[in-house]
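Alright, structures below, take your time with them.
Two complexes follow with chain A in common, the first pairing it with chain B and the second with chain C.
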Partner chain A sequence: MNEERKKQLLCELDKICSILGPSGFEWRVRDYIRAEIEKNMPSGAELFTDKLGGLYLKIKNEGAPKLMLSAHMDEVGFMVTEITERGELKFGSVGGINPLVLCSKRVVSENGIKGVITSKPIHLQTKDERSERTEIRKMRISIGARSRQEAEKYVSVGDYFTFEHDFRVLSGGRIASKALDDRHGCLALLNAIRELAKSGKKSRYELYFAFTCREEIGVSGAWCASELVKPDYAIVIESKAVLDLPSVGEARAVGALGEGALISYADGGAIMDRELTDRLVSVCEKNKIKYQINRAISGGNDSSNIQRGAHGARVALISAPSRYIHSSTGIIDYKDFEAICDAIYSFITAKED
Partner chain B sequence: MINLLKRLMLTHGVSGRENLIREAIRKEVEPYADEVTIDAMGNLIAHKKGSGKRVMFGAHMDEIGYFATHIRSNGLISVAPIGGINLISGAFTGVVSENGAVGVLGTVAKGAPDADEVFIDIGATDKRQAEKRVKVGDSFVHTPSITHLMGTRYVGRPFDDRVGCAILIEVLKNVKSTENDLYFVFTVQEEVGCRGARPVTYSVEPDIAIALDVTRTDDKGGDTLNVSIGKGPTIKIKDASVICSHELVLKMRELAREGKIKYQDEMLSRGGTDTSSMQIAKRGCRAGAISIPCGYIHTGIEMIDMKDVRGAVRLATLIAERI
Partner chain C sequence: MEKIRELLKKICFLPTVSSRELDYKSELFALAGDCFDEMYEDSFGDLVLVVKSKKPSAPRLMIDAHFDVVGFMVSKVHEDGFLSISPIGGVDARVLGASGAMVYGKERVEGVFTSTPPHLLKDSKSLPKIEDIYIDCGEDASLVEVGDIVTYKPHFTELLNNRVSATGLDDKACVCAMLDMAMHIDKERLNYDVYIVISAQEETGKGGARFIAYDIKPDIAIVTDAFFARGEDIENCDSIEMGEGAYIDASAVTDVFLTRGIIKALSAREIKLQVACEPSRTHTNNEAISIAGAGVRTALLGVAVEGMHTPSEIVSLEDIKSLSGALLEIAYGEWL
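Right, the complex of A and B next:
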């Protein structure tokens, strides 16, 4: 039974991660999610969007406190800024990307044009270049074109690129893919919506499932979500960069893969609401869901703007501990993802605290 | 007033953990306000109803401190600083948790320590013993204190910004008949980036918002232009986060002159206050600030002069009644 669920969720994770959706270009992810929700709507549910492109599912429960669960649809990527005389593409990053992870990576455009990010082979590097920090402005995307004219047949300035999709299930149930940040969160929400539809269970909250835009370029979609929904409570489902590597000390590691859903009392963007966070922890305890507490205050996400938007909201954050975030291959552990799915479903269907 | 200030200073309230200080302030304001509410982020809002201009005064309840992030096997507690802590002044001094666990901030660093080179030692011999007193997520502060020096000067912590809270409470008590619709808001999470002031201003929708906070001084190695302790409260013109409403600044000066209240002009090159968040929330409002000159800000020996505090109370009261 559990293996069946795992197989299905992994298959879906592959699919949702494969969709190209850098910040500002989320519509394909949105369309996919909308279609999936429409297949099986919970009773009393209503779909709507905001003007920035965020997608919402409201499950009506008048008079009840509003709980918003959110995940962002966008991923980091690139935008073409100039096509050179030689037919190569200059580009900028969309979202924060360490230039070191870019050399020789395969990328693909919104129109399916494949390319490779250039790098200088070690044979041709000077001694200094081997230790030099690489800069994005010195890199190019090569799509195989030999001239500007040829390149312009396939690509225009302003086109988006993302890392090429290459989903793998590693040994021990770990998952390697681009865009796990934050498509795993989107899928966790989808899964909760489906389980609600299936079980017919009522929540004691008025539920809003929010799929936000533009998280990676300054958490701006969260402002819209906050202003539109004005939630009393909000739980953000995210990826959290961890460093559970031997070279990093216990205290600085943030968290560890496979040790459960990562719950934060605070991160770089927000000090979470303690009461809500404690309740999330106690739901995990009661339902024997594996969780861990974040050990460092780092990173930021939609929780910051949801907390401070409109009249303010009580926020909590639950994350999949993630390695190599914002690169061509992040890694999360299926067990942590499943724990997040279970935690949010248990939280929204809990009768009492 | 000094007793009120003492009560507030000795109450715990790190950013995001303002429950104790909020409760203490709620008790102080309840007898004088028409309505007292608390919003989702934890801001405390005291309303004194009127039919005129909506004027909001704000001071932040939170103070800088630490969150426990990890308990090591040897019982030492790893912490993350909350707010701009001066770790040179913080190392090797006493700390206390929200639950009253007493400890010291230790470090193995030779010079100025980095945030991950400090730890809290509560005297536990191992992890299990430490966990009896402290949970990950608990907050700590440097031990609060207040000591009378010469004349009207006091030293201790955290004057930032319990002195602003005390001023607001005094103004609420002092205000006589006025048409103005007055709000006194005690905000959360100022020290981590003026986070609480935005939603509370969104809810109140004031015409005029004035923050009460401390400011750096030149006579104690600060970086304002000609602000000294003891020469009166300041009327803020700008800091790194905000340019105050010029119209409001002029009006505040006029009222200060009318009331014969000595004030100083404040132009601060760095640092910020809730004023910035108040100015741009929702449709925006005319925002300004009154500051108390304070020496050695964000250390255990913050220094103020009660003359400035009393001046601020008079100025803010005049504004509340007559603006």
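Right, the complex of A and C next:
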């Protein structure tokens, strides 16, 4: 393993995960990615955006089949729905979050105001309340304000919050952070763009790197991406929720951390294109890139809408097996992430099948 | 306020899970500084700091806050970096998912409490049991052994109005107030020999405070502990207001004359105490201390804490200052 590359990628992963970008508020992530791409554009490349705020880099290759590689910029988060008389913030989730990962988590607003998600302490709960999950509607964000009037100086109804950023590397190069879903995918694309610019290699495809919006709220940004690009082929780079805990059987676990890039022939949202997926697998084989095949059909992502958008596209899905996604602390394995980076770059620069 | 903030932060970063209090004796004694005439510990893990009055054979005032916090013990180390855990003290399994953990193995090992993402939830009703929650330490947990202690990952998060969030504010906010009070004592005005007790194993219900009270034989004892902060769905009768100063508890298990005497005397000095009512029991150390030996007159004071027993409790530094001031007035008062 290239330690220098690892250090640099981890450092940048930390940075890109730190950016607040819940669905509908992706612009800070987009601005970061755009600035990074502009530092070193591959030749024949062109940047543009769609009307939802998605960002695209096209690398011209007239007459060649169009291949779109995509990752979504948005993360799950929260929106303030009410400020109470006492200065507490009621909120709703942006994207699907298991309420069990919310109580006691530190959160931060788009303006940098820190808060803690609290609810009635267990000591004061009734028997009924103790026997059920605390609903998000019964939680609140405490920012320390004493009144609505004071809270309104710092926060407005409609403001976004996300989990506090606390990036760390656990034993064996496991990465723990918020927003790894799908910023690691964004970084894998960014990395491929840089390597293309550096090597000057040409792809046999006309390449479109797409950074999409609103994946977490119904994969809707992908509609616009497919309409705008009308790709022949599309590879989606994602986080795939796995549950490889000791108590969970291998079949239900979906995949395992550290076993390589997770390639899906199907998931809960789409049955992928067999031929394109086979080609992805064979590129991994040829280049000795560690991969694993998705073992259980679950979850969905941009691949479903890209497959069915515009005139339809042949899609494949490559993911980092991810634990505890949609929480303050998802975990992926650096080795899997690096395998994805290598697989994508190898795929787009492969001479022929 | 800055002094209290720094002191509280340092106390909160000591991982004193019940039964491991003594491991951090020297750190705590160092934080307490040199304003004490005597410092010692008992066999159970209680730490005692004494400030003597200038008056000969002064009566003894004991002030207690518990040092311990809830935590976990490793019950099994799995091959793939997961740990099974057993709770030490009352832990709500519903607040653990995705929280950070710190494991005190051969070295400190960071981990995460496991949780299930919405994509893979089988049903959205059933409650997690502690047996189904692991600590994920990454690829391997070879630095960890069965019996090692686990805490929530320590943090110190600043909110508005001098409020902070941290782990273990129950009862380290009160430990902080006691130490701050001791640092401000004017011995000339002291009517009592003050025994500051930083007691062990409150959270497990084993109450080290009782044994140490038996040894000290205080003439009166003040217990300090956290009480529920008011909130949108919390009734006024169950809670006190954060940022409005320290509280004193009215309960059948505290001494009614001492409690009312303190309220009256402090109010005459314009120190306002909130009154928390727990008509029957308080479930704090004051119960244990009050029946040590032939009985001890006790009062219960403290500060509001939000999110009790979660990894992110919240307290107001101003309330800690208020509690420190109230304790000082009590030490200068006449209660016998």
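What we mean here is this: the second predicted complex is superposed on the first by the 341 of 353 C-alpha atoms of A that agree within 3 Å, B and C clash if a C-alpha of one lies under 4 Å from a C-alpha of the other, contacts with A are read in each partner's own complex, and residues count from 1 in each chain.
We take it that a residue touches a chain if its C-beta (ideal position, glycine included) is under 8 Å from a C-beta of that chain, and two chains touch if they have at least 3 such contacts.
The structure presented is a predicted model; accordingly, all values stated were derived computationally and were not measured.
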Legend entry - Touched partner set for A:Glu132, first chain B, second chain C, both or neither: second
Inset, instruction - For A:Leu52, decide between first (touching chain B), second (touching chain C), both and neither. - result: neither
Inset, instruction - Could you look at A:Ile217 and tell me whether it touches chain B, chain C, both or neither (first, second, both, neither)? - result: neither
Legend entry - Which superposed partner A:Ala197 touches (first chain B, second chain C, both, neither): neither
Inset, instruction - Based on the superposed arrangement, let me know which partner A:Gly96 touches: chain B (first), chain C (second), both, or neither? - result: second
Legend entry - Comparison of chain B and chain C by chain A residues contacted: C
Inset, instruction - Classify the contacts of A:Ala350 with the two partner chains as first (chain B alone), second (chain C alone), both, or neither. - result: neither
Legend entry - chain B and chain C contact sites that coincide on chain A, given as residue numbers: 252
Inset, instruction - Please give the residue numbers of chain C that touch chain A in the complex, ascending. - result: 78, 80-82, 84, 90, 92, 94-95, 97-100, 109-112, 114-121, 124-125, 127-128, 132, 134, 136-141, 143, 155, 157-161, 163, 165, 228, 230-235, 238-239, 243, 306-312, 314
Legend entry - chain A residues within the chain B interface of the complex: 232, 250-252, 265-266, 270-274, 277, 293-297, 307-314
Legend entry - Contact footprint of chain A on chain B as seen in their complex: 15-17, 39-41, 43, 67, 69-70, 72, 78, 80, 82, 116, 136-137, 189, 192, 195-196, 198-200, 202-203
Inset, instruction - Please name which positions on chain A make contact with chain C in the complex. - result: 84, 86, 88, 90, 96-98, 100-101, 103-106, 113-124, 131-134, 138, 140, 142-146, 150, 154, 164, 166, 168, 170-174, 176, 241, 243-247, 252, 254, 257-258, 268, 298-299, 323-329, 331, 333
